[in-house]
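Both complexes shown next keep chain A, but they swap its partner, so chain B is in the first and chain C is in the second.
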Partner chain A sequence: MYRERERRVWTGKLWWLAGVAVAFVFPLILSQYYLFVLANIIIMAIVAQGLNTMIGWGAVFSFGQPGFMAFGAYFGAILARELPFLPFPIVIILTAIASALLGLLIGYPCLRLRGFFLAMATFGFSSSIFVLINFLRSLTGGNEGMYAPPPAIGGISFANTTNIFFIVFLIGLLIQFGVSNINRSRTGRAWRAIRDGEIPAASMGINIAKEKIKLFILGSVLAGVGGVLYSYLIGYLQSDFFSIMGLSFFLILVSGGIGTVWGPIIGSFIFMMIPQVFGGMFSQSMNLVYGVILIGFVSLAPGGVYQILGKLQSVVRRGV
Partner chain B sequence: MFVELFIDGLSVGSIYALVSVGLVLVFQSTRALNFSHGDFMMISTFVAYALVVQFGVPFLFAIPVVLGFSALLGVVVERFVIRRLMSGSMPAIIMATLGIGYMLQGTASTIWTDDIFAFPRLFPGRFVNIAGVRVTPQSIGVVVTTILVMATLHLFLTRTKLGTGFRALTQNRTAAALMGVPITRMYALAWAIGGVLAAIAGVLLAPTLFLSTGMSEITFTAIMCAIIGGFGKIYGAIIGGYLVGIFSSILPLYIPSDLQAIIPFVLLMVVLFIRPTGILGVKTIKKV
Partner chain C sequence: MDMQPTVPALQLSGVAISFGGIKALDGISLDVNPKEIYAIIGPNGAGKTTAFNIIGGVYQAKAGRIFFNGADITRLQPHAIARLGMGRTFQNLELFSRMTVKENLMAAKHIHTRTRFWSEIVGTRGVRSEEEQAAEDVQNIMSFLDIEKYADASVEDLGFPVQKRIELGRALALRPSLILLDEPAAGLNFVETRDLSETIMAIRNDLGLTVLLIEHDMSMVMSISDRITVLDHGEVIACGAPEEVQANPKVIEAYLGKRRSYAET
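Now for the complex of A and B:
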């Protein structure tokens, strides 16, 4: 029994290593354009993963994700502009720390609220970030936006799409590994207990306030890191990029599958493919398409594509 | 200047009050926070625009049609989307209403594009001078209309059988059902009233703000107004609406006008800091 379990843990880790190897395959088979799209998908998935942990596991309903993403992107870009000697991994780590602190600062008062109140407080935070970005012109370039430096280590820049794709892919894989581990840990179980009922969770000895803060900080850090990566990929920042993202993350979560580890990745793939599929026919009414898809999933398949795949799998197994 | 801005604030606040009262009515009955409420307002206003400007129907005939349209829209959304999800989780309902918002937005931009349109004034005329204060007939009209609408709503809720049933429903759904209140019809009624209030607000707002698909952003401000007033309280929503309207008109005198957009949020934070339940809110204790 013990041996069996140990072996499964090992093969599990081997799969993650195989994932690293896959990173080197993509640039061989995909054109620069599709590498860019794929990197974009991974970045959206990272931010959506943050929202997924908050809503799907902990019932912390936040509209703050675009704001934290914008904060991360601008913080990383301004840091790299003012201190060009910093290697980019340090920039990413510092941004993650700054996002965590901001998450603590915003989360501490906000998490005393719940449900709709929390949602509105985080929405207000998010829109205040955009207003501040446009207000602090000397720092952020205001409405005109600002140039974001590419990732660099000691003067060597990794500006081309392939390099950025590697960075994004590896960080995405690391985050996915971390999140799936947290999911199975004591903390992950505590979060799900809170989602299923705060009062029972509290009576089991879970410190609700503390766990919710942890959850909120995790969500903010993922959004912040996603923001830095986004600034690398696009190379240029404007607050509008983030403010229009507002509801995309909900669509990603619902279509992929809320509360599952792989849902956000499937979801952001779907989300990015929607304009490719429908863009030609319905370019004027993309919002209509998004709305129909969102409602369709919520009312017909609340577990998203992940659930549909699971059902298909069980049907196939039974058939065989 | 101050008095003029104050009156401006009253007129903006009236709009917020109308929209957030609609939101609260819908929330009280179906426990669904309607994130597409602003889109209801936007699309009804576009329908009014199509009737009045594109087809040349007189305002007097167009308005009943628009109000009917928005009521019908509310009923349809409640019947086919919300009712199926009411037993489900809060995130599901939020996402569904967000989805409806997207759909209405997409429909409007398909038919009328995302451009900005000038909307005819319901209360035409230039400034009027009242004791040295310059006021537009528009803002007087907006405030008076809102007061009339609110008074009607108040009378409906307190003096009619249907209204009493509605108030019973908001207090205790099961008990109300057992007393013979037609619950499902009440849901439809609440969504219809919500739609009508949104349409009135839209027609009143469009002449000053211009008409565009971006109008629907008012949803979030209106939700903040409702929370400031004490969420779930109709009179709270009115107070919250006027507070936000007045503050966001007057404060730009003293702070950089770039920051105007975050005034509702700052006000929300201040109110929640002092009184976590909002101004009229009552603390509810969750029982197991």
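Now for the complex of A and C:
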């Protein structure tokens, strides 16, 4: 039995390694443009994954993701601009730490609130981040925006799309690995228990306040890291990029499958491919397309594509 | 009966709470001895579930103190009380509805595992062996309650009597020394109630737990309880062995009402 378990663990690890190998396939088959789109999909999925852990597992309804993402992007870009000798992995790690601290700072008072009030408080946080960015002109360039340095190690820059794609892909894979491990572990279970009922969860010895803070910090870190990667990909930052994202992450979660580990990735793919598919016809009214799709999912398949796939699978199994 | 232990498993002294001017509990006191099956009964609205919520830390008592194995838990939060070894079930089932049966029980293993967040992210060997130990204990509890066959079923898909057993299993998975059961027989038929009585006896006799229960099924209460406290309007109106309580005129009055008041109306 022990052998069997060890074998399963190792095959599990092999799948993740295979994922790394896949990273090298994409640049061979995709144009630079689609590499850019794919990197963008992964970045949105990372931030959405942060929201997914909060809402899907912990019932913590946060509208703070765009704010944390903007914070991460600007923090990383300013850090790299002021200290150009810092290798980019260090920049990413420092940004993650800063996002965690900000998450703690914002989460501690906000998590006393629930539901609608928590949503409003975190929405207020996001809005004030955007105002702050426009206000601190000397640091952020204000409304005109700022140039974001490409990822670099010791003066060697990885400015082209293929390199940035690799960085984004590997970090995305790492995050996906970590999140799916947490999901299966004690902490993930505690979070889902809180989602399903706070009083019984507390009565089973789970410290609600502590677990919610952990959850909020994880969400903030993922948004912050997504932000830095976004600054690498776009190369230029403006607060508007983030302030219009407001509901995007909700659309991603609803279309992909909320509360599932792979939902954010599927959803992000759908969200980013919509403009690619409908861009010609509806380029002036993309929000209309998003709206119709959102309503469609909420009313017909609230579990998103993940739920639809699950149903298809059971239908196929029954057929065989 | 001959050896009275020095430290009660649970002790309430003068516990009171009110909600908006209504005294839900007005200074109730009781002692539960280790390995005793102790029942709290009383008409609807007597304050029984309120008492459970105060003991479990969901509400804070306005006055009085609560001791659990000699430790003052009056001001502790629910999770801290659970950690000291108190498990509970709820009157209206409070299962983690979107999780499987096994996961529900595993969630109660939270306090028995201590792995760090970082090793969970990586999925270290330590995390896995701890998971395995917890899963083994959960397996034992599931077979004790005969719910193994539902292990991977989603809780929402199961019937009410099974859900009640799952909730009991979740409380047992905490490996508590005291278990609070809020109307365990409510909604069960005769056979299921008889099985439940046997299970509660086994929890005390085989697992060595102290059991405190709220129950309306009088035949069950009278047959399994060692002692009973009767609450009415937030006050203790009687306390003692089943026969004593049954014969107490105050208790009869609380349940059936005064004959005179009936005649007057």
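What to note about this one:
We take it that the second predicted complex is superposed on the first by the 320 of 320 C-alpha atoms of A that agree within 3 Å, B and C clash if a C-alpha of one lies under 4 Å from a C-alpha of the other, contacts with A are read in each partner's own complex, and residues count from 1 in each chain.
Operating definition for what follows: a residue touches a chain if its C-beta (ideal position, glycine included) is under 8 Å from a C-beta of that chain, and two chains touch if they have at least 3 such contacts.
Because the structure is predicted, anything quoted here is derived from the model rather than measured.
Room for both chain B and chain C is found when the two structures are superposed via chain A, with no clash between them.
Touch criterion met: A:Leu247 reaches chain B, while chain C stays clear of it.
Within the superposed three-chain model, A:Leu173 lies out of touch with both chain B and chain C [touch as defined at top].
Once chain A of one complex is fitted onto chain A of the other, the partner contacts of A:Leu288 are limited to chain B, with no touch recorded for chain C. In the superposed model, A:Phe116 makes contact with chain B only, not with chain C. Chain centres taken from Cα atoms put the angle at chain A, between chain B and chain C, at 80 degrees to the nearest 10. Contacts of A:Arg189 after superposition on the shared chain: chain C is touched, whereas chain B is not. Of the two partner chains placed by superposition, only chain C is touched by A:Asn207; chain B is not. Judged by the touch definition given at the top, the superposed model places A:Leu86 against neither chain B nor chain C. Contact with chain B, but none with chain C, is seen for A:Ile258 once the two complexes are overlaid on the shared chain.
In the superposition on chain A, contact of A:Ile199 is made with both chain B and chain C. Taking chain B and chain C in turn and counting the residues of chain A each one touches, the greater count comes from B.
After superposing both complexes on chain A, the closest C-alpha pair between chain B and chain C lies 7 Å apart. Shared interface residues of chain A, touching chain B in one complex and chain C in the other, are 199-200. Of all the residues in chain C, the ones that touch chain A in their complex are 56-58, 77-79, 82-83, 87-88, 90, 94-99, 103, 106-111, 113, 115, 117, 120-123, 127-128, 130-132, 170, 174. Within the complex formed with chain B, the residues of chain A that make contact are 55, 59, 61, 109, 112-113, 115-117, 119-121, 123-125, 127-128, 131-132, 134-135, 199-200, 247, 250, 254, 258, 284-295, 298-299, 302. Residues of chain B that touch chain A in their complex: 33, 81, 84-85, 88, 90-92, 94-96, 98-107, 109-110, 113, 220, 223-224, 227, 231, 256, 258-259, 261-262, 264-266, 268-269, 272-273, 276, 286, 288. Chain A meets chain C in the complex at residues 5, 9, 178, 181-182, 185-187, 189-190, 192-193, 195-197, 199-208, 214, 259.
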